[in-house]
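These notes open a run of structures that come right after.
Same chain, two partners: chain A is paired with chain B first, then with chain C.
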Partner chain A sequence: MNAILECKGLTKSYGGKKALSDVNLTIERGRIVGLLGPNGSGKTTLIKLANALLTPTSGEIRIAGMKPGTGTKKIVSYLPERNYLNDWMRVHDIIGLFRDFYGDFRPDKAYDMLKRLNINPNDKLKTMSKGTKEKVQLILVMSREAELYLLDEPIGGVDPAARDYILETIISNYNPEATIIISTHLISDVEKILDHVIFIREGQVVLSSSVDEIREQGKSVDGLFREVFRC
Partner chain B sequence: MPWDLKPDRPIYTQLVEHIEWMILSGVYPPGAKLPSVRDLAREASVNPNTMQRALAQLEEDGLIITHRTSGRSITEDSEMIQKARIRIAREQVSEFLEKMKKLGFDKKEILSIINNMIEEVGK
Partner chain C sequence: MLGKLLKYELKATGRTFMPIYAAMLIAAAVTKLISALTAGGSEVPEFISAIVYIMILMGMFVMTFVVMIQRFHKNLLSDEGYLMFTLPVEPWQHIVSKLLISVLWNLGSLVAAFLSIVILTFDEIANRALMLDLFAVIAEFLTIFGPTGSLVVLEIFLAGIATTVFGILLIYASIALGHLSNRHRTMASLGAFLGLTAFAQILFACLTLIPNVRVLQHYMDTLQESLQTSIALFHYVMWFTIGFFTLLSAGYFLITNHILKKRLNLE
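Here is the complex of A and B:
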């Protein structure tokens, strides 16, 4: 079975500034991966490169062996850090849009999750709180049957109780063959569901390890993160 | 029984221990059906793959039986369960003895403390 995501010497510069520098990384299928690093470390740049929203300055990135593009968008479900949905639309309309757009979108799954989170599909996005909007976006993204989910800061804007609910949503919809990459700096909240972590600092991967390996040394991921990124 | 998982030990090991505990304390009696991997994973809020691995371990240990079509159940082999109970009891006691040794108690003192306490609790 080939790796779902692979980077070789991946570098991205903005002008003279290197956002990612010589990243070598292999991520297997069937993992829930934490992409962890402080603000400005290159997490979003890496995710955007995987989505063909940016092109590498040098090196390469491959998703299931393919260069990011039309082919990979069919198998990658992406949650951007920002809300890109039209505010005037109703949830119901957006579900229609997703169904038209993605062959692997499952409306029944989306409606089911909306119901569980008490969100009315007839509500317009603009009447919703920031947290509810985030939940809607996550529901849409998790309702696809993708091979790779890229979630950029999925729990940043919601309270701790909703965070648990969102993580539960992710777990209960997770197909064990798929890989989920979650970028965040809220480590203690997500560490239980992760089985692999990648630490990224100033555009470089400083650690790529299974969570159990870290814990076997008597450390928590949160503790190790604080150690590695001590200011 | 809440899944109280510690952040500094492998999750997988803790899941195995927790489920063992549930089996031996009768939450899941011999022959009972076990919830699905997904439900157990959701309950513990862990990755279903990790839960799967924990269940595979328990199956290897003989405490859980996987049926081809109808999920998993607890073994009805009472000898198997008794063996596991004794193993866990030994683990608990050896942990306790380790701590008592660190506190500087010798064999006789430890035994007398245990005897006294058992009588107190018995009253």
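Here is the complex of A and C:
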């Protein structure tokens, strides 16, 4: 089995400022990976490069052996850190759009989750609160049977009760062959579901380790994070 | 996938245009009705209604232009682009779907404007003699061209489409070039627009003046037998225009596609 995500010398600068600098990284399939780092450390940049929303300055990134493009978009389910929903559709319209374009989308799953979170499929996206829109986006993304899920700050904007439900949803909705990469700085909330963590600081990977290895050293991910990123 | 993109693009834009078309046709009908009812009386109500109609008519053409820019910029290169560019679709399909729907609304606005004029001049049209006169004039114009008369209609249609497509792709390419700038993307797009327009004009001047001097000279020399020459020159100019704008459109399309495919950097 080839790696699901691979970076070689991946660098991205904006103007003169380096957001990612010579990142080398391999992520195997079947893991739940935490991409952890403070704000502005390059987490979003890395995820956007994997989605072909950004073009690398140098180096390369591959997903299941392919350069980001139409082939990878079919197998990657991406939750951006911002709201990408237009304001004129209703929830069931956007579900229709996902069903039209993604062969791996399961509408029944989406409608189930909407029901659990008390979201009416006939509501207009325009009238929804920020938190509800985030939930809708997460539902859309998790209703696909993708090979790689890239979740950028999936729990940042929602209340703790919904946060628990969302994490539960993430775990229960994915198959063991798939890989989930979750970017966040809310480590204690996600710690319990992670298999692997990557620490990223100022555009560089400072640690890539399995959670078991960290625990063998008698540490928690949260504790190690505080140690590594001490201000 | 292109078909699906077209479907969503039509939905996204139709909800703007359909109400405008409806409002304009209603305003035209109301104006006509008031004019019939107040014949011989005060002209104020008809005047006000006509103003409303003209405002909607102008608004419609402004919206056709604004929506064309907004659908490209907002749907592809702003936050909504995060969804559009993660759909498993090639960038050229995004461009083509937006282009075709934009051409469609350009035609739609013309048809709607024409229909509103039909409504406003309903009694003149009902007066068949006038219409027959109009058709006779058009027919006479076309008979000048002899057997190539029907070709003229095709040429005018194609030239209209070619210049519309050119205008739209000019805007797309300008926005895409502006996207290459890290900051001040709007200013960069305006700069690119001016640059691409100047380029088109210079190229047009080079291609028309230099090689065509001889054609024009030949035309002047043979002015005595002018009718046949004029017809030939007309066809020549029309096909030249169609070819020129198609070629430039292809160039602007390639620029836009290259940037969306290889140089995308969503903020």
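Simple rule for what comes next: the second predicted complex is superposed on the first by the 231 of 231 C-alpha atoms of A that agree within 3 Å, B and C clash if a C-alpha of one lies under 4 Å from a C-alpha of the other, contacts with A are read in each partner's own complex, and residues count from 1 in each chain.
In this section, a contact is a pair of C-beta atoms (placed from the backbone, for glycine too) under 8 Å apart; a residue touches a chain by one contact, two chains touch by 3 or more.
Every value quoted in this text rests on a predicted model; they were computed, and no experiment measured them.
For the composite obtained by superposing both complexes on chain A, the positions of chain B and chain C are free of clash and fit together. When the two complexes are overlaid on their common chain A, residue A:Asp159 makes contact with neither chain B nor chain C. Look at A:Asp104: by the touch rule set out above, it reaches neither chain B nor chain C. Of the two partner chains placed by superposition, only chain C is touched by A:Tyr14; chain B is not.
Legend: residue contacts after superposition of the two complexes on their common chain; A:Glu191 is shown touching chain B, with no touch to chain C. When the two structures are aligned on the shared chain, A:Asp212 is found in touch with chain B, with no touch to chain C. Once the two complexes are overlaid on the shared chain, A:Leu167 sits against chain B while remaining clear of chain C.
Once both structures are fitted onto chain A, a short way to say it is that chain B and chain C open up an angle of 160° at chain A, using Cα centres and rounding to the nearest 10.
Following the chain A superposition, chain B and chain C show a smallest Cα-Cα distance of 26 angstrom. Taken in their complex, chain B has these residues touching chain A: 5, 7-12, 38, 41-42, 44-50, 52. Across the complex, chain A meets chain C through its residues 14-15, 48, 51-55, 70-71, 73-74, 76, 78, 80, 82-86, 88, 97, 100-102.
Here chain A touches chain B in the complex through residues 30-32, 164, 167-168, 171-172, 174, 176, 188, 191-195, 211-212, 215-216, 218-223, going by the rule given at the top. Touching chain A in their complex are the following residues of chain C: 1, 4, 7-8, 12, 15, 75, 79-83, 85-90, 182-183, 262-266.
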